[in-house]
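Next up: the structures, one after another.
One chain, subunit A, links the two complexes that follow: it is found with subunit B in the first and with subunit C in the second.
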Partner chain A sequence: MRLKPSDRLATTLALTASLSVALLVFAAILGTHGYSVTGFARVVSSGFWPPENLSWRLSSIFINSLPVLFPALGLIVAFRMGFWNIGAEGQLLVGMAAATWVGVFLADRLPGASVLPAMVVAAFVAGALWAAGPALLRVWLGVNEVLTTLMLNYVAVHLVNYLVEYRWKDPRGFGFIRTPPLHESARIGAAEGAVLVVLAAGLVYFMLRYTQLGFELRIIGSSPKAARYAGISYAKVTLLAMLISGGLAGLGGMSVVAGLTGELMEAQRMSPGYGYTGIIAAWLGRLHPAAVVAASLFLGLIYERQSVLQATMRLGVGYTMLFNGLLLFAAISSTYLEKRLREAGRLG
Partner chain B sequence: MSTPPSPSRRAFLQILGSAAIAGVLGYAAGSSLAPRKTVTTTTTVTQQAGAETVTTTVTKTPAAKLTAAWIYVGPIGDAGWTYAHNAGREHATSVFGDKLDAKYVESVPETGAKQVIQQMIEDQGAKVVFATSFGYYTAIQELAKKYPDVWFWHCSGPYEFFTDLPNVGTYFAELYQAYYLNGLIAGAVTQTGKVGYVPAFLIPEVVRHINAFALGARDGYRLVHGKDKDVTVYLAPELKAWFAPDKAEISARNLVDNYDVDVIAFTEDTYTIPSVAEDYQSKGRKVWSFSHYSDMSRFAPNAILTGQLVNWGPIYEYILARLYAGDPRKEDIWARIGDFMPIRWRKPAEQSTLGKVEGAVYLPPIKEEAVPAAAVKLAKKLYEDMKELIFEPFSGYDPITGEPREIRDTDGEVRIPKGGRLGRHELWSDEEMNWFLDNIEKL
Partner chain C sequence: MADLEMVLSNLMRYAVDYSTPLLLAALGEALAERSGVLNLGVEGIMAVGAATGFVVTLHTGNPWLGVAAAGLAGLLLAAIHAFFSVTLRANQIVSGLALAIAGLGLSSMAASGYLGRTVPKLETLHIPGNLAPSWLNDHNPLAYLALLLSPLLWLLMERTEWGLTVRAVGDDPSTARSVGIEVARLRYVCVLAGGAAAGVAGAYLPLSVYGGWFEGITAGRGWIALGIVILGFWNPLRILLASYFVGAVMSLPHVAPALGLRVNEYLLLAIPYLAVIAVLSIASIEAAKKRVGAPMSLGKSEY
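For the complex of A and B:
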């Protein structure tokens, strides 16, 4: 689907305008609370400057972006067909649990090189299965997926908490609620992360653009009625799309345990809402894989710089959440603005 | 259902372009940070050990300026645990002035510790890290190997976690003695014979404090009501968080409303429970609580009997002073009443310093108008005895009569034999400190 030049202009204008408003609002809030706006910009840009130790910071930013990046890539697939998967958080959590199970309890018995692939498969399958439920309910009974996916997030929180507290608790942890650490072979760094990102983003891009599934999915997204007349199976496409969407969110969960924490604790400690932030990244990137990757890297930068913002500016965690919220608000309001601009363009 | 947008490659490039422009703007706004320089001198010490010559190389960094990073698990405004650590950090800043760059990051969940600590080291040049939550220990275990030049101080962790790591020390301000004295006051004050405890987690540290409190409550109650009486200690379910004001309030109100409890001790990082007690007091019901880690009387001027306070300042000062002196040392600091006091000789009860700010662990003044005089006097006597570790709560002696006695758990098993005394392993280990005194009722 090619856009007309006026439409492209509308996209750029709308996104630039709403992002600018969001940044201005954030700057105003910082200013009125007595924080320096240039200080904020300086700390955030300190992710890339000075050059000393830059490679450490870049890989740290990259690793921090993964828990948002994978769910966001998955959400593209669901959102493109108009399936409102709000359950990336839950899919991420079960993927995290599955990856932990492999990394802690199976890694000893597997040959070293097969641990990471096994974790990837386990996390993907767990996330996919978690997403399959709402998809089936939708195609069989017409149950609204917004509610089912959202509510399963809370179920996933309790499932993870149950596992870590009653099944997998480290007996040498002095009563502390955490699993034993992941096996050395079950940890990922920036390099392994990069391979996974390229694979996942490539999969989503290729699938959407070159496969029949991708074609059908886009048709359903633009006109469900037309898709039905064309004989496209809504059930099949929905199920496949949600398996991919949930599976990728599951990979996000794996990146948390394998890349960041190295152990599983209670859900509320493991995720500050990566799955929800994935929604922000997906909309900021306008559901285009490469742009979503870029948006996720930006959010990863904010996550990563958060502690420096605190240590140097005394800027609380709440401001980061506020910043993310404003970005989502901008991303969503820009689609409305864009629509109005396009209509205006057509009329004029 | 709206139409999902599907931008073309050019639209996508425009999006990337916008991001790039924003990045360039940020870059332009950013000013470069001054490069850090570390001067290192190496001193070689040669010792004659028998026939062999042992050469030890000690690397000393003259600490003209030292960057230290405090990692906090809660917000500094919690008025409890983190607030007290931050007061300790401020004390260190006041002592070492501009020689110390004392950074801190608050509200760091255990899962985020590794990330934040690495950032403080790699990005902010921290040479010493104070990790102030038990749950950070896995992060320290991993990072201490990765950064052998950085000193890591883990608060509350058993030193066995770090025995193979020469650059990790442990420190803690231990409160079981203070909890015993709190229990003594609680037992003397309670009208219902029922006191309560709200725990964050049932880890050995908290279980130790619960048992100390329950033991003190027993002794305080016997002191006032006769030696055959006992008090019931209702133990609320664990909150499963150090910072949980909402849950703590529900738990405290449940103890008062449904179990007739009128004194509540707790392990939670905020002033919630004292302020709940104050709320009951303002409605005419006598409910009491304690200050925890920092003086909480401003939140509950009427309801606080005493408490357990910690001044981390002297501990941080000591650790940093050794670093400045170029002689950091791996050790396990387990401060109790008397430690870090300029004079730790005990005084007669009448001259007791209970209520004074002293050492690392101390008690706020007892609300004497609400507490029977005999209990105040005994508390002062025992506080003085504790300075020299003469009286130990976890020992098989009755502090009222001086006679040997047995301490049993809820299953009737003897945990402290007559005349016995628990050692470090029994107080620390989760295989040992997993029992509850026989007057405790778990809810």
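For the complex of A and C:
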């Protein structure tokens, strides 16, 4: 019997097979490091039942996925045009710092209803500006964006640590390195998060599909040469795309302080690499907004159980990075497998 | 002015120490890139090299075994990247990123159980007589290995037929294949060798600089090494100079107090990354003027 997969079937088969292999490899590595694989599975899958737990658990997963989801949505925009923004982590961190500044030091001077919008704007602008540097260097001088965006991630780490320790440290914080807590009006829950996600995903979807910018961006992505002949300005599109990409990553940073921690601490304690995980979500979702949202929720599931896994199995953050890296390998294997399956289908 | 002289000599000594892992990793990466394969996984490979070197030395008490194991680990990780980018012809950027992320995670899982333990460092090598100025003397053997490797790799790339073949594969793989060169095999060799070098570069950190391991020990050095390859225009001798320059910038926190510089510690920590961005920008201008560039098929898996 010959396999004659339709395109959709090919995609499903390829993704399922690749993800299964990635999970098996992950389980094997966990096992060889002396961790219980079944224990891990039990922790991750627990808490969905009985039904009264379910809605709490789902909203908790949702909130935990936001720091990945926003950067991932932004990365779609950059990656679609073939601009390798690896700097979502840094853009997220500066967005986080800007949101903290509004939420801690400005909130009591602002009318309550304007605090969250002000945080959104501050986080977006900070992230966008952080991303603009590499975009300009690329456009003006042709400097490799992979490296400039990456270097700025490390600069952002030191910037956040500097702000927390030397500028914004809570004088009543018992010597802990952290800012005073965010104002009550500066916190977000699942509902506010959902509004922001719909807005951000809608923006990306609409922009890519229905605007001149989206059209030009996709042309550059598929053929830079054709774009040049068509008279599309690479400089303009790059800059705009990176402003959006960095801005959305900045929103991810806001969702960390406003949705999860409620205060700013050292960078290492604020982000286990959300910006890098955003790359994985973007790729797993094959750069389609809806699929990327789904992929981010899946990754949020792991982050949500982080503290439990840490407490019950003494698993540090390393395993999430390993898991993420394996998922990214799965994403590219699935592309390869799918191509092969389609060829096989055509031959059959 | 004896003071200033001493500070400078100190700076130059630290610069050698800090440049060594950058140089080793960058030379390895340059070899891989010359064959046309971009390996963005260097940071992950270095992290695993650091963890492996640390753990193996902890168990055996012999840092050289740690170095060897780290090289082997680097080679194996690079094989994954080679498989994806050469055999499956997958997107090299994504495969490299996956390796970087997975490697960072793996290293943390492997070594965090031994956090706080110390390991014996590699013993320094004394060059007798007046052959070496004092700032260049009494470094560990890996520093000298890296210094020697640079001209050797230059000779290999520029003066041997093998080097010419590698460059041909990196510039125009389909033509190379049509004249009977085994492109895939050659790329594997270059990527694997580059991975081994990155692994050893990682092991240098616990076994020479820190004498122990901590989370984030590589601190972006793998990414900096990738930048150094570009700064060096893929030329091993220029890469030596670029590594040394970045190494000197990374040494600033050690000499800043002696120079009377009162700068915030976090600014000092951020300076190397900003410096890399600055010199990359300058190098881009220079590259455009001199019309030098990356190997022509770099990063392209299809040919």
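Operating definition for what follows: the second predicted complex is superposed on the first by the 287 of 348 C-alpha atoms of A that agree within 3 Å, B and C clash if a C-alpha of one lies under 4 Å from a C-alpha of the other, contacts with A are read in each partner's own complex, and residues count from 1 in each chain.
Here is the rule we go by: a residue touches a chain if its C-beta (ideal position, glycine included) is under 8 Å from a C-beta of that chain, and two chains touch if they have at least 3 such contacts.
For clarity, every value in this text was computed on a predicted model and none was experimentally measured.
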{"item": "Which of subunit B and subunit C A:335 touches, first, second, both or neither", "value": "both"}
{"item": "Partner chain in contact with A:312 - subunit B first, subunit C second, else both or neither", "value": "first"}
{"item": "Subunit B versus subunit C as contact partner of A:64, first or second or both or neither", "value": "first"}
{"item": "Contacts of A:280 with subunit B and subunit C, given as first, second, both or neither", "value": "second"}
{"item": "Contacts of A:44 with subunit B and subunit C, given as first, second, both or neither", "value": "first"}
{"item": "Partner chain in contact with A:36 - subunit B first, subunit C second, else both or neither", "value": "neither"}
{"item": "Superposition-derived comparison: subunit B or subunit C, residues of subunit A touched", "value": "B"}
{"item": "First (subunit B), second (subunit C), both or neither touched by A:143", "value": "second"}
{"item": "Partner chain(s) touched by A:218 [first = subunit B, second = subunit C, both, neither]", "value": "first"}
{"item": "Subunit C-contacting residues of subunit A that also contact subunit B", "value": "316-317, 335"}
{"item": "Of all residues in subunit C, those that touch subunit A in their complex", "value": "40, 44, 80, 84, 88-91, 93-95, 97-110, 112, 215-216, 219-220, 223-224, 226-227, 230, 264, 266-267, 269-270, 273-274, 276-277, 280-281, 284-285, 287-288"}
{"item": "For the subunit A and subunit C complex, residues of the former touching the latter", "value": "29, 33, 84, 86, 137, 141-144, 146-148, 150-155, 158-159, 161-162, 165-166, 268, 273, 276, 279-280, 283, 316-326, 328-329, 331-333, 335-336"}
{"item": "Partner subunit B, residues of subunit A touching it in the complex", "value": "1-3, 8, 11-12, 15-16, 19, 38, 41-42, 44-46, 48-50, 52-53, 56-57, 60, 64, 79-82, 174-178, 181, 218, 221-222, 224, 256, 260-263, 265-266, 269-270, 285-288, 290-291, 294-295, 298, 304, 307-308, 310-312, 316-317, 335, 338"}
{"item": "Complex contact set, residues of subunit B against subunit A", "value": "1-8, 10-12, 14-16, 18-19, 22-23, 25-27, 29-33, 35, 69, 75, 103-112, 114-116, 118-120, 122-124, 134-135, 138, 142, 158, 201-204, 240, 430"}
